[in-house]
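What follows are several structures.
Paired with subunit B in one complex and with subunit C in the other, subunit A is shared by the two complexes that follow.
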Partner chain A sequence: MESLTMGNLMFLAPEIAVVSTGLIILLIGVFMSPRTKNVLGYLATLGVLTALVLTVESFGTNAALFSGTISIDALSQFFKLVFLAVALIVSLAAIKYNENSDHTEEFYTLVLFATFGMMVVASANDLILLFCAFELASLATYALAGFEKQNARSLEGAMKYFIIGSVSAALMLFGISFVYGATGTTSIPAIAANPAILTGNPIGLVAIVLLIAGFGFKMALVPFHMWAPDTYQGSPSVVSALLAAGSKKMGFVAAFRVFILALAALQPDWQLAFTVLAVVTMTFGNVVAVSQTSVKRMLAYSSLAQAGYIAMAFVVMTPMALTGSIFYTLAHAFMKAGAFIAAAAVVWMVSSGKTDRLDIPDHLDNFKGLGKRMPFAALSMTIFVFALAGIPPTAGFMAKFVLFSSTIQAGMTWLAVIAILNSALSLFYYARLVKYMYFLPPEGQKIRMPFPYAAALLFAVAGVLAMGLWPEPFLQWAMEAAKVLV
Partner chain B sequence: MIPLVFYLGLSALLFSIGIYGVMTHKNGIRMIMCIELMLNSANLNLVAFSSYTGTLNGQVFAIFSIALAAAEAAVGFAIFMAIYRMHDKINLDELKILRW
Partner chain C sequence: MLPVASLLILVPLIFAAVTFLTKTKGQAAGLGFTGSLATLGLAIYAYLNFESSTAAMQFFESMTWIPSLGVNYSVGIDGISMPLILLNAIVIPLLILYSWKEDRESPNRFYGLILTMEAAVIGVFVALDFVVFYIFWELTLIPLFFMVNIWGGEKRAHASYKFFIYTHVASLIMLLGIFGLFYASWQQTGIPTFGIRELIAQFQFFESGLLKDAIFLSIIFGFLAKLPTFPFHSWLPDAYTEAPTAGSVLFILLKIGGYGLFRISLPMLPNTGNPELMIMMLGMLGSFSILYGALVALRQKDLKRMIAYSSLSHMGYVILGAAGLVTLSVSGAMFQQFSHGLIMSILFMSAGAIQTSTGTRIINDLGGLAKKMPKLTVVMMVGFMASLGLPGLTGFIAEFLVLAFSYARLPGFVLIALLVIVITAAYHLWAMQRAMFGVYNEKLGDIRDINSMQVFSMAAIALLVLYFGLNPSPVLNMMISNSEAIVSLAAALGV
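What follows is the complex of A and B.
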C-alpha cells in the first residue's frame, strides 16, 4: 500500500477543486440572503473553471492511486474535460435560472457533486468505486431533475428518472456481483487478466446482459430509453443540459471501462448486443424526433440518436472508431448542452412575456421569429442544430466524419450507410427548427438576452466552432484516450 | 456448509420478485420497497461470493451498497413527498402529462 502524499493528491487536484467549491458554497450559502446568492453562481463557475484548467494541464500524466482503484490516464482526463466543460456551461447559465431563488446553494452543490461523481467514474479502475461514483452522480441528478418542487412536469420527470435509474442501478449491481463471483476480484485490470474464467461461462453471459441493461439506461440506448424524453422535457432546461450532455457520457465512459477493458474476453457477446442497440437507437431516435412539437423533447430524441452513433464504437472497435466516438462525446457535450441552454433562454423569455404559449413553454411555436426577438440565442441554436446534424465547419461534422469513415475502413459499410441515412433524416427536424426561428414572423417583443445565458452560449459556440475548424489537438487527445482502450 | 447454489437461487428469486413488483405496482412506496429488494438480493450475492471465494471485496462492496441504497431511498422519498403535496396521492399511474 502506497501512502497518501501531497504528490499523489496533486493528481486529484481537479476533483478536489470541484468538491471543495461545492462544500464551500453549501456552507456559506446558508448565511446569505437570496439577493446576494447570485455570487454563488460565479463562485461555482470559478471552481469549475479552475478544475478545467487543472485537467487540461495534467494531460499526458499517468498514475494509479489508492491501491490502483483510481487510474489517471488519457481516457480519464479526456472525459473529465467533457464533464467539466458541461458543468461550466450549466453553472454559467444557472446564474440566471437561480436568480432570486432561495435554494441557489443547493442547486450548485448538487451540480458540483454530480460533476464530481462523473469525474470519478471516468477514472475508476475498480468496480466498487465505479458503482459508488455512478450512484453519487445519479443521486445528485435525481434531486436536480425534481428541483422545481411546484412544477408537475419537473416532478413527473424526476419520478420517472428516479424509478428507472434505481432499477438500472440494481441491475448493474447484480451484474457486477456475478463478475466478482466468477473472477474473485473487483479490480478492472485483474478481471481482464484472467479472460479464461469468463469465456464460455454462463455467469459471464448473465453478467453481460445485466450490465448492458444497467449502463444502457444511463446511455439511453433504445429499449432502455423511456425515461429520457420525459425527464429531459420535464426538468429545468439547465438540468436537462447536465443530464443529456454530462450524465449520458458518464454511462459511456463506464461502459468503455467495464466492457472494453474488464470484459474484453466476452467481446463477441456484447458486440452483437451493441450492434443491435446502436442501429435501433439511432433509427428510433431520429424517426420519433420528427414528430415532436416540444423542442426539448425533440432534443431529447435527437440525443438518443447521437447515443446510437457514439455506441458504434462498441461495434467497430478499431482504434480510429474509438477515437471518433470519444471525440464525438466531447463534440456532443458542447452541442447538446448549448442547445438546451438556448432552449432555457427561450423558456425564460416566454415566462417573462405574456403573448406566448405558456402551457408548454418550449413549444415550437414559441421559437417563431426568434431571430428577431433574441438574435444571439437564435444564431447559436442554429449553429448547435447544424452541428448536431453534422454540417461543416462544426464539431459535429468532424466527429461524424471520423466515426463514419473509420466504420467504412473497418469494412462495416452497411452500418455507416444506416448512420448516414439517419443523419440525413435528422436534418429535417433540425432545419424545421431553423425555419421557425428565421422564416416565420415573431409573435412578441425583442428581448435583451441575460448575460449568463449569453456567456454560456458563447462558450458552447466557441467550443463547437473550435472543434470544427481546428480539430487537430482535440483529435490528438481523443486518440491518446482511445489508446488506453485498445 | 450450505452450497453456493442455494444462496444464488435465493438471491435470484428475491431479484425476480423485486423486478416483478416494480413492473406491476403503482404505488411509489411499494416501488421503492421492490427496488430495495433488488439491491439487497445483489448484496446477498456479493456476501455469498465473498465467503466462497475467500476475498473481502464483496463484503466491503455490500457495506457501500447498503449505504447507497439508504441514500437512494431518501432521495426517492423526497421526490414522492413533493408529488404527494401536489396530487394528494402517490399513484404513479396518474402522472401522465409527459408522453410522446
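What follows is the complex of A and C.
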C-alpha cells in the first residue's frame, strides 16, 4: 500500500483545480450581489482552463493512486481533456446565460462538480469508485437540467432525466453487484485477471445486460435514449451542451473501462449486443432527426446518431477503431458543444428581441437569415453541422475517416456501408439548417453577438478546425489512450 | 523555382477569404478579378516552365502531415492536370468579367465562392495524396451548394440538395474504395501510405481479384457519378439548370470526375480481376451517355436544360476515349475535357445572357434574337458549331480522336456514337434556328444585346476554341505523353 504524499497527490492537480474552484465559487457567491456575480463565470473559466493546461501537461504520466482505485493513464487524461474542453466552452457561454442572475454560483458549482465527477470516472479503476463518481456527475446534471424553474419544458426534461437516470443507476449497481458476487472484487484489473470465472457463467451474462442498460442510458443508445431528446431540448442550451458533449462521453469512458478492460472475457457477448445497439442507434437517430423542427431536438437526435458511430469501437475492437472512437469523442465534444452554444445564442436573440416565435425559441424558423442577423453564430453553426456530417477539412471528417476506415481494415465492409449511408442521410438535415440560416430572408434586425457566446464559439471552432487540419497530435494521444485498452 | 502547385491553391483561397470580408460590390468584384488574374499568372508561369514531352510529375512538393496514418501533403503537376488547371485559370477571370455588370445580393459571397471553388478544383488536380485529394474533392461541393441555393432559379432547393447528397454518397463510396486500397497495401508492405502513385503501384500486387475489382469499382463509381455518366446523371440537369450562369460554368469547369478517371482509374484498370469486362463496361457507359444525352437534349423545351443534356452527351466521349485505351483515344478523351470546358462555358454564358435579356429560356418563346442581339449570336454560333463538332474548332479534334482510335477496341460502341453525331447536329441547329433566327418574336419587346464585358469574355473563350481547334499541340502534346505512359503500362500487361 503506497502512502499518500504531496508528490503523488499532484497527479490529481486537474481535479483539485476544478473542485477547489467550485468550492470557492460556492463560498464567495453567497456574499455577492447578482450584478457582481458575473465575475464568477470568469473565475470558473479560469479554473477549468488551469485544469485543462495541467491535464495537457500531464500527458504521458502513468500512476495508480488510492490503493489502485484511481489510474492515471493516457485514456484517463484524454477523456479529462474532453470533459474540460466541454466545461470550458460551457462556462464561457454561461457567463452570458447567467447575466444578472441570483443563482450564478449554484450554476457554476454544479457544472464544476459534474465535470469533476466525469473526470474521476475517466480514471476510475474500481467499480465502486466509478459508480460514485458517475452518480456525482449525474446528480449535478439533474439539477442543471431543471435549472430554469419557471420553464415547464426544462422541468419536464429534468424530471424524465432524473427518473430514467435513477433507474439506470440502480441497474448499473445491480450489474456491479453480480460481477462482485462472482469475482469477489470490484477492482477492474482484479476482475480482468480471472477471466475463467465469468466465461460461460450465466451471472456474467446477467451482469452484462444490466451494465449495458446502465451505461447505455448515459451514452443515449437506442432503446435507452427516451429521455435524451426531451432533456436536450428542454434544458438551458448551455446545459444541453454539457449533457450531449460531456456527460455522454462519461458513459463511453465508463463502458470502455468496464467492458473492454474488466469484462474482456465476455467480449463475444457484449460485442454482439453493441453491434445491434450501434447500428440501431445511428440509423434511428438520423432517420428521426430528419423530421425535427426544433433545432435542439434535431441536435439531440443527431447526437444519438453520433453515439452510434462512436459505439462502433465496441464492434470492431481493433486498435485503429478504438483510436478512431476516442478521437471521435473529442471531435464530437467540440462540434456538439459548439452547436448547442450557437443554438443558445439564437435562443438568447429570440428572447431578447421578442419578435420571433417564442413558444419554441429554438424553432428552425428562428434561424431564418441568421447569416445576416448574427453572421458569426451562423458561420460557426455551419462549420459545426458540416463537421457533424463529416465534410472535410473538419474534426468530424478526420474522426469518421479513422473510425470508418478501421471497419474496412477489420473486414467489416457491411458496417462501413451502413455507417456511410447514415452519414449521407445526416447531411440532409444538417444542410437544411444551413439553408435556413443563409438562404431564407431574415425576420428581424441584425444583433450584436455577446462576447461570452462569441468566445465560446471561437474556442469550439478552433478545436474543430485544429483537429481537422492538424490531427496528428490528437491522433497520437488517442492512439496512446487506445493502447490502454488493448 | 516557385512552389507553383501549392500557390495555385493558396492564392485563390487567400483572395477568397479577403473577398468574403469586403463590403461593396466594386471591392468584391475587383478583388475577385485580381485573385483570379494572379492565379492565371501562376498557371501561365507553370505552363512556361512545364516540360511537355515527359509523363513525369513536375513541380513536386511533399511534406509529412499526419504521419501516424501515412498522410503526406504532396502535390505536383503533370500532363493530365496541367491543361485542366489552365482551363480553370483562364475561364474564371473571364467568368468574373462576364458577371461584372450584374447586380446581385451579397456580391462578396458571390466572388468569394467563385475563388473558393477555383482553389478546391485546382486542389483536386494537383493532389498526389488520397486524403488531400478527397478533402479538395469534397470541398468543391460547398461553394456550389451555396451558389445554387443563394442565386439559383425557382427549384434551387431541390436541385442543390439532390446534387449535394447524390454526389456526396458517390464520394463516400469512393472513400470506401480508398480505404480498401490503403489497408490492403498497408497489410502487404507494412508501411501506411495514402500516396496516390504509391497505392496505384501497389494495387497490382494484391492477390484477390475480387478485392481488386471491388476497390476499382467503388473508386470509379465516385468518378462516374461526378462526371457524370448515364445512369448516374440525374442530379446534373437540375443542378446545371437551376444554378445561376456563373454556377453552371463552375459546374462545367468541375472536371474532377474525368480527371480521376485518368489519374487513378485507368492506371488501375489493367490490374483488375477482369480488365476486358471493365473496358466493355466503360465503353458501354460512354456510348450510352452520348446517345441518351443527345436524345433527351433533342426534346428539351428549355435552352439551358438542352445544353445540360448536351453536356452529358459530350462527357460520354471522355469515358469512351478512356475505354479505348490507346494513346490517341485517351489523349482525345483528355482533350475533350479541356475543349468541353471552353465550349460549354460559352453555351451557358449565352443561355444566361438570353435569360437576362428576354426573361425566358423556353426555346419556342424566343425567335429571331439575332436581329436584336447580333453580338451574342456570333459568339453563340461559334459555341454551338464547336459543340456539334465543326472541323477547325476544338470539339472536332477531341471527338475525332476518340472515335477514330477507340474503334479498334470498341467498334460497336463507336458506331453508336457515330450515329449520334446526326442527332447532335440536329438539336444544336434546330435550337439555334428556333431561338436566334427567323422572325423576331415581338412579344419579347425591346431587348438589349450583351454588354461589352460579356462580349469580351465570351469572344476570348471563342477565340481559344478556334485557336486550339487549329493548333491543339500546346495542350495535346502533354496529354499524349501521359496517355502513352498509361497505355504502355496496360500494353505491358497484355490489355
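The rule is short, and it goes like this: the second predicted complex is superposed on the first by the 486 of 486 C-alpha atoms of A that agree within 3 Å, B and C clash if a C-alpha of one lies under 4 Å from a C-alpha of the other, contacts with A are read in each partner's own complex, and residues count from 1 in each chain.
The rule is simple: a contact is a pair of C-beta atoms (placed from the backbone, for glycine too) under 8 Å apart; a residue touches a chain by one contact, two chains touch by 3 or more.
Please read these numbers as outputs of a predicted model, since none were measured by experiment.
J.: First (subunit B), second (subunit C), both or neither: which does A:S405 touch?
T.: The second partner, subunit C, only.
J.: For A:A170, using the defined touch cut-off, is the partner it touches subunit B, subunit C, both, or neither? Pick first, second, both or neither.
T.: Once the two structures are laid over each other on A, A:A170 reaches subunit B alone.
J.: Where does A:F428 make contact in the superposed view: on subunit B (first), on subunit C (second), on both, or on neither?
T.: second
J.: With the two complexes superposed on chain A, say which partner A:I391 touches: subunit B (first), subunit C (second), both, or neither.
T.: It touches subunit C, and subunit B stays clear.
J.: Please name the chain, subunit B or subunit C, that touches the greater number of residues in subunit A.
T.: Touching more of subunit A: B.
J.: Using the touch definition from the top, say if A:L322 reaches subunit B (first), subunit C (second), both or neither.
T.: Touch status of A:L322: no partner.
J.: Kindly list the residues of subunit A that each of subunit B and subunit C touches, one partner per complex.
T.: Correct list for subunit A: none, the interfaces share no residue.
J.: Which bits of subunit C are touching subunit A when the two form their complex?
T.: 65-69, 131, 134-135, 138-139, 141-142, 145-146, 149-150, 157, 161, 164-165, 168-169, 172-173, 175-176, 179-180, 182-183, 186
J.: In their shared complex, at which residues does subunit A touch subunit C?
T.: Contact set of subunit A toward subunit C: 386, 391-393, 397, 401-402, 404-405, 408-409, 413, 416-417, 420-421, 423-424, 427-428, 431, 434-435, 438-439, 471-472, 475-476, 479.
J.: Enumerate the contact residues on subunit B facing subunit A in the complex.
T.: It comes out as residues 15, 18-19, 22, 28, 31, 35, 38-39, 41-43, 45-46, 48-49, 52-55, 57-58, 60-61, 64-65, 68, 71-72, 75-76, 78-80, 82-83, 85-86, 92, 95-100.
J.: Across the complex, what residues on subunit A touch subunit B?
T.: 127-128, 131-132, 135, 139, 142-143, 146, 149-150, 152-153, 155-160, 162-163, 166-167, 169-171, 173-174, 176-178, 180-181, 184-186, 229-230, 233-234, 288
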